[in-house]
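Alright, structures below, take your time with them.
Look for subunit A in each of the two complexes below; its partner is subunit B in the first and subunit C in the second.
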Partner chain A sequence: MNKSLIYGLLLSILMVIAPHAEHLPLWVSGLCAGLLLWRTWLTYGDKALPKRWLLMLVTFAGTAGIIFNYHTMFGREAGVTLLVMLATLKLMELRKPRDAMVLVYLACFIIITNFFYSQSIPTALYLLASLTVIVTTWVHLQAESIALRPRMRIAAVLLLQALPLTLILFILFPRVQGPLWGLPQDAYASTGLDDRMSPGSLSRLGLSEEVAFRVSYNGKPPRRDQMYWRGPVLWYFDGRTWTPGRTTLTYPPDFTDLGQPIDYVVTLEPHNKTWLFTLDVPDKLTIPAIISSDFQVLNRAPVHARMRYAARSNLVYHANVRESERQLQRALQLPRQFNPRAQQLAAEWRAGSKDDETLVNTALRYFSKQGFVYTLQPPLLGSNSVDDFLFNAKQGFCEHYASAFVFLMRAANVPARVVTGYLGGEYNSVGNYYIVRQSDAHAWAEVWLAGQGWVRVDPTGVIAPGRLESGLSAAVSDSAALPFMERNPPQWMRDLRFNLDTLANQWNQWVLGYDSERQFAFLTRLGMESVTWQKMALNMSAGLGAVIALFSLFMLRHLFVRRPDKVQAAWLRVCGRLARAGLPRAAHEGAQDYADRVAAAHPALAANIRDLAARYSALRYGSHGGESVRQEFLQRVRAFKI
Partner chain B sequence: MACAHFFHQQYGRNALRPYQQIMSPNLNNVIRQAEQVILGKPLQIRFALACLLARGHLLIEDLPGVGKTTLAHVLARTLGLQFQRIQFTSDLLPADILGVSVFQRPSTDARAGEFKFHPGPIFAQMILADEINRATPKAQSALLEAMEEQQVTIEGTTRPLPSPFFVIATQNPAYQIGTFALPESQLDRFLMRIQMGYPDAHAERGLLSGVDRRKIVAQLSPQMESSELLALQKRAREIFVSPALLDYVQAILRYTREAARYTHGLSPRAGLALLSCARAWALLDSRDAVTPEDVQAVVPGVVSHRLQATGEFSRQNSAVLVRELIEAVAIP
Partner chain C sequence: MEHGAITLTQRRIFIIPTKQGFMLGFVLVLMLLGDINYNLSLGYVLTFLLAMMAVMSMLHAFRNLAHLEIRPGRADPVFRGETAQFMLHFNNRSKLSRYQLCLVQPGKSFWTNTNTPLKFDVPAMQDSEVAFPLPATRRGWLQAGRLMLYTEFPLGLFYCWSYLHFGTRCLVYPKPLRVAPLPSGSSPDGTGKRSVAGDEDFSGLRKYTPGDALPRIAWKAYARERGLQVKQFSTPLGEELWLDYADTPDRNEEEKLARMTRWVLDAEAQGLRYGLGLPDGGLPLRHGGAEPSGAGGAAGQLLPQSADFVSNVSQLPSNNGIAHRDECLRRIALFNLPQQGQP
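Let's look at the complex of A and B:
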């Protein structure tokens, strides 16, 4: 078998399995790399392929290893691993064109499996490049005589021709809702908020550039420091870590005195948890979700796929003014054995305050006056973490402040709780929406005041007001610790990032998120009335038929249109040469008349020119000039010398 | 003789794609035999044959006594065709050409009183219509209609003419006394119009010194069956014409319509005539495809009687006019 064909197949397989290396077991990646290198070496040195029994041994050992690894041969992970390994092993028994064909199809199939793991634009582009390599190899397999460059051109043309068909299939292929078309549940890796908060957990998120969700507002967006995206609410503190605590009976929350409604649409990236993010308290949602008694919005199932919902929130509200006694008791829970100094401080404040509101203000004043620093890299804290933070370190990230504040409130007998979520977001002027990243994660406090219900108090805002108004980079003093893009990057880079994110957003919305609902909406907008899958199928067949018919017409065009005539061009070159030699052909002069005239003037040329003229006449005016006759004529013209 | 220029290039050239199944050896014999009788006029013989193969009719225009009649006689004899000659005079009537129905006397026949049709001289395979422009238009049109339809209708009965059917008409130059010039529309019925011209000195010497032509003609033997002639006519129609050549023919037609020097351009029928003659010419040259040279060769015969020059060019010789036409149109 042709060496360069084998290299093409090696490259094809390498390109489609390389992205899998990230999540395959290390030994499988190693085995595949070894096999590819071995095959390359064998090809390079013209060596014989390994014996069949050896391959059988490796195959069985590998399969056993996979079963041992995953405890199954089926399912996504095990299946993909097996496929990747077998495809690589197939390279080792590449003997007949049939084997090469199998490899080409296998490579195409492995392309699809890559989309189980990532569906981003770069992945799609990379796999398109892989497909080009595969098709180029396939063209080589079909026609060995074609050189690399024309082969690539043929592959590119083939892929371009497939484009309209792909578009028609994409738009019109009936989408069925259900697991058949969905991806496996563990399709997405995720980072994001946790329902546990301990010192350092949010500051770690502060380093992550990943998008948590995107928001577009219908109408005027609220002020940036009003964009509190509520996530998990934490009630229980064990002295170091905050957790939601025991779930209590949920009862509907009670919102009164609502005002300043804001409408917006959130596109949430999957985070494998149930909570949905909304501004403060939502009173309308387009999807069925539960609003718990502590105003968490919870999806019915963990969010495994990108999700889109519209909501209306009120930024002015009174929430649960009449709170249940049980809930208030939960909001006063405190591990009394820790942090004695903080408890003492709280007791002092309690004594000196006439009501809870004054006490809250005292606490905030304390934070602003005592030289606290907002930093991404706080020092480690001891077992009395709140004491340590309040009286020694005085450096911390939002979780430290929220935690300390709620601790102090509870110690002073004010019901309080920690709320985590996101604050603010970055405005993308290109796509007119806000990007909320993991680095926007935030923690704040809520206290319950008699007559006002639950009131948000953000101690971070006292220490680093910039964090609320313009984001993390304005707030932290040690910006070197921040990811590059969070430290004021140049404008062009910012624009580029906005453009890329807009593109990614469009891709998410229109390509990945093109489900049956969107399809119906889109087709209705295109003018299809009462969309049914039968109609879609009919339109799809008609569209495919039309495209194929168009291509056929294009390919058969030589039946209708004459090709620019090489034969005539060659003859005109002959005439041109003779004209320079002083014997121009008159425009009306037939080939053979001209040949006779030339022959009379230059007897030496007679035989040659008569032959050329006779061949030209036969080709141009005769009925049976085959390709070989053409080539013969063209060659004689090239050889024609005066 | 304008045609001679083309003739010299055409005649005796190595065939492009010779293949003998097209050119029957008998046709060669016909040509050879005719050339032995009509001295120094090979091109005219070929024109006449091309016209015959293209299933058209031939008009020969020249002075009396230059061999028009002899040419017709020779072709009829060598091709083995029934021959009739009609001498056109000013008192010729259509019935003299087509035939008449004569009342039969009762005594001579079993049935009483019946008309019997006596076919005229038109019922032959080859007709020589001599001095056609001496007859009245009425008689002329009787002949021309028969030529066109290849059938005649007399007293309500349609009678087909034999096949092949070939008319060679001769006419005296228009300036001679006692002529009724054929109108353009009737000239168009003739596929070709050629001129005989005086023989060159060498040929004339041969004529003067040789035996009486009429005796020779009487001794000629047919070289071909009429069925073979029909087959050759069919073959001529099947000669290949490439798109490039059609472009050329169209260019010629377009030129005659656009150039200011002609009163009116050539009709599509003239284009078809050009093509069928060029096909026959290619067949005579033993080729299976038409080349621009074939077209150029037949242009003088096909075009000259269909094209009239306007004012300032009208005095030019028609041969000059045709040569200018050929030289003005580039071969695409």
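Let's look at the complex of A and C:
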């Protein structure tokens, strides 16, 4: 096999497996890199391929390694790893053109597996680059004689021609809402909020730049300190970790005295959990969802794909003023064996307060006066985590404050619970929407006060008011620990970032989020009435047909040979007449030779045909030939009779 | 069957997917299922891109053949056991290079053709000459028959083909025996005796043709890079050799003809005058007029000179020279063969 063809295949495989290096086990990346280098070296030095038994050995060892690594051969991660390894090994036993073809198909398949991890704009551009390399190699495989430049040109032409057709297909191909079959458990990577909160779990998220969701408000956005996006509500405390606890109660919440409604649209990134984020408290939602008795909005299935919903919330409310006794009992659960000092402090407060509201304010005053520090890097806490935090460390992130506050409330016999979610968001002035990142994750508390229902209390707001008003960077004391963009970057960088995010948002909405629903909306807006799949298929075929027809015209126009000119046509008529008379002109015969042959066979025609042949040769091959000469010739042809 | 040039218009070109094409279809269906299941928008894009590239490659494959003009050329006579070269002229009048054209003899079945194709490119605006090789396994006329011109360019997903049937034929001489001493016969009219004279008078050089005796090759001329040349010697008149079928000692007809072939070659190489005698009826020759344009090649073009004395006799009077040699070989080649379908 041609050397440069092998280099092409090597480059194709390298390009498609390179993005996987990030999440493959290190030994697989190393093995693949080693194999690629080995193959390059073998090709460069014209050396023989390794023996079959050696390759078999490597294949078996590699497969065993993957099974050992993932404890399975199936599932997404293991499958992708196996595919990458096998494709690289296939390079080592490239013998027939068929093997090369298999590699080309494998390369295309590996590109698709790449989309499990990223479908961003750079990924799409990288896809085009890889595909160009693959198709160039593919063309080379068919025609070894063809040089690199025309090869690349043909590949580029094929790709460019396919692009508009792909656009038509993308828009009109009837979309089916997946999944078609059950997905393996590890089908989706997940970052984001968890339904467990222990010291450090939110501060870890605080370092993540990933987008959780984007919001655009219809009308004036609320104040920043009203942007509490409600996530999982945590009831049960085991002394260290907060969890939702077990509940058998499901009844709708009871909201009264509502005010200050606000409408907004959320584009939620997939987080593989069921909860949907809404501002407190949710009123309406455009998609079917459940609202739990503790005001969480839950999707029916885990959110595996990007999702869009419009919602309305009321920022002013009274929630569950009449709460069930069992629920209030749940809100007082406490592991009594831990944190004796905190329990003692709570008992002192209880004794000194005339009602629950005074007690809450006492607690908040305590947090503001005792020199607490808001930090992303709190010190480790012992087994009496609340005591340790309240009386020794006095440094913590929002989860420490929320946890300690709720503990104190419960110890003082005030029903309370922890609420996690997101706070605030970054305004993108370019796209006029808010970006809520994982670093905006937050935890706060809710206490139940007689006559007021559940009331939000955010102890973080007392310690670091900046967190509520302008975000994390203003609130934490040690901003060096934050990612660069969370500190205060120069304005142009901010602008660039907003522009890129706007682009990414459009991409997410229109390209990645183009599902059956969007398709329906888009086609209706284009003017298609009653969108059915038959109609889409019909339009699709028509569109494809039209574009392909256009391409054919464009591509084949070089081929249509010009019609022979009048002189030649006239001469061909003469030949035709003679052919019918039994004297066809041979393909190799020139006019003069033919005339001589005809003259020999039919002496009667001799003068005439010789004259015509001479004139024809002069007109066609000579340099002079005015219009009059032409006319004369044509006339003589008309007069020519056998 | 065609005479003269063929232009590959769309009516002559057929197209179907190859095995690879079906394979890609299968891969694309798998990809599409994955896209739907995992809701991969970019996966849809990739799947559609590949599918549409495949569709466009069909048009490219068609264009690779379309409007090529093909003319049959000569096919020089060969000896049995050699490879006949049928010349074909591919005229590409467009500005597009045609890549990876393949010419092959169709197999028994369309799907399993084991014949090895001849692959070539035809650059833009060029007239290329292509020699299609066919093994010459029997003496007589070797028909090129129906050839298949196909291409799988650019992606190998579509098989685009057209049939070429020109009726070109190539004359196959019998394979000469390796060694066969010349007979000591004389011409039937009794004039002249065989003589090995003629070796003495060097009269010039001529181009080498297959079958020339090695000692006669002008190695000095070859060393001066003037190509392979053969020394020619004039033969005094009257020294004639009669090569008669009846004088061959072999039992088998083919062996007799092989021996006679060797005789003719040696006699010509030695510059002798020689005549040929074959049994009656063993002369399937057409008389008078020119050979049909598509046939015969060199043998046909040289025929008119010898046509003067070709009549219904099976004997060729003594003479020498290339034309005479070729005529002798031609008669030996066609001896006792049924007339082949030729106008």
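In this text, the second predicted complex is superposed on the first by the 474 of 642 C-alpha atoms of A that agree within 3 Å, B and C clash if a C-alpha of one lies under 4 Å from a C-alpha of the other, contacts with A are read in each partner's own complex, and residues count from 1 in each chain.
We adopt the following convention: a contact is a pair of C-beta atoms (placed from the backbone, for glycine too) under 8 Å apart; a residue touches a chain by one contact, two chains touch by 3 or more.
All values derive from a computational prediction rather than experimental measurement.
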First (subunit B), second (subunit C), both or neither touched by A:27: neither
Touching A:514, do we find subunit B (first), subunit C (second), both, or neither? second
Once the structures are superposed on A, label A:596 by its partner contacts, choosing first (subunit B), second (subunit C), both or neither. first
In the overlaid three-chain picture, which partner chain does A:41 touch, first (subunit B) or second (subunit C), both, or neither? neither
Touching A:251, do we find subunit B (first), subunit C (second), both, or neither? neither
After superposing on the shared chain, does subunit C or subunit B touch more subunit A residues? C
With both complexes overlaid on chain A, does A:621 touch subunit B (first), subunit C (second), both or neither? first
Contact-wise, after the overlay, does A:158 reach subunit B, subunit C, both or neither (first, second, both, neither)? second
Report for A:610: first if it touches subunit B alone, second if subunit C alone, otherwise both or neither. first
For subunit A, what residues appear in both contact lists, the one with subunit B and the one with subunit C? 586-588
Quick check: in the complex, which residue numbers of subunit A touch subunit B? 562, 565, 568, 586-593, 596, 610, 614, 617-618, 620-623
The residues of subunit C that touch subunit A in their complex are 3-5, 7, 20, 23-24, 27, 30-31, 33-53, 55-57, 59-60, 63, 66-67, 71-72, 93-97, 99-100, 119, 121, 152-156, 293
Provide the residue numbers of subunit B that touch subunit A in the complex, in ascending order. 9, 13-14, 16-17, 240-245, 288-293, 296, 326-331
Per the contact definition, I'd like the list of subunit A residues that touch subunit C in the complex. 101, 105, 108-109, 111-112, 115-116, 119, 123-124, 127, 131, 135, 138-139, 141-143, 145-146, 150, 154, 158-159, 161-163, 165-166, 169-170, 173, 176, 178-181, 183, 187, 304-305, 511-515, 548, 551-552, 555-556, 558-561, 584, 586-588
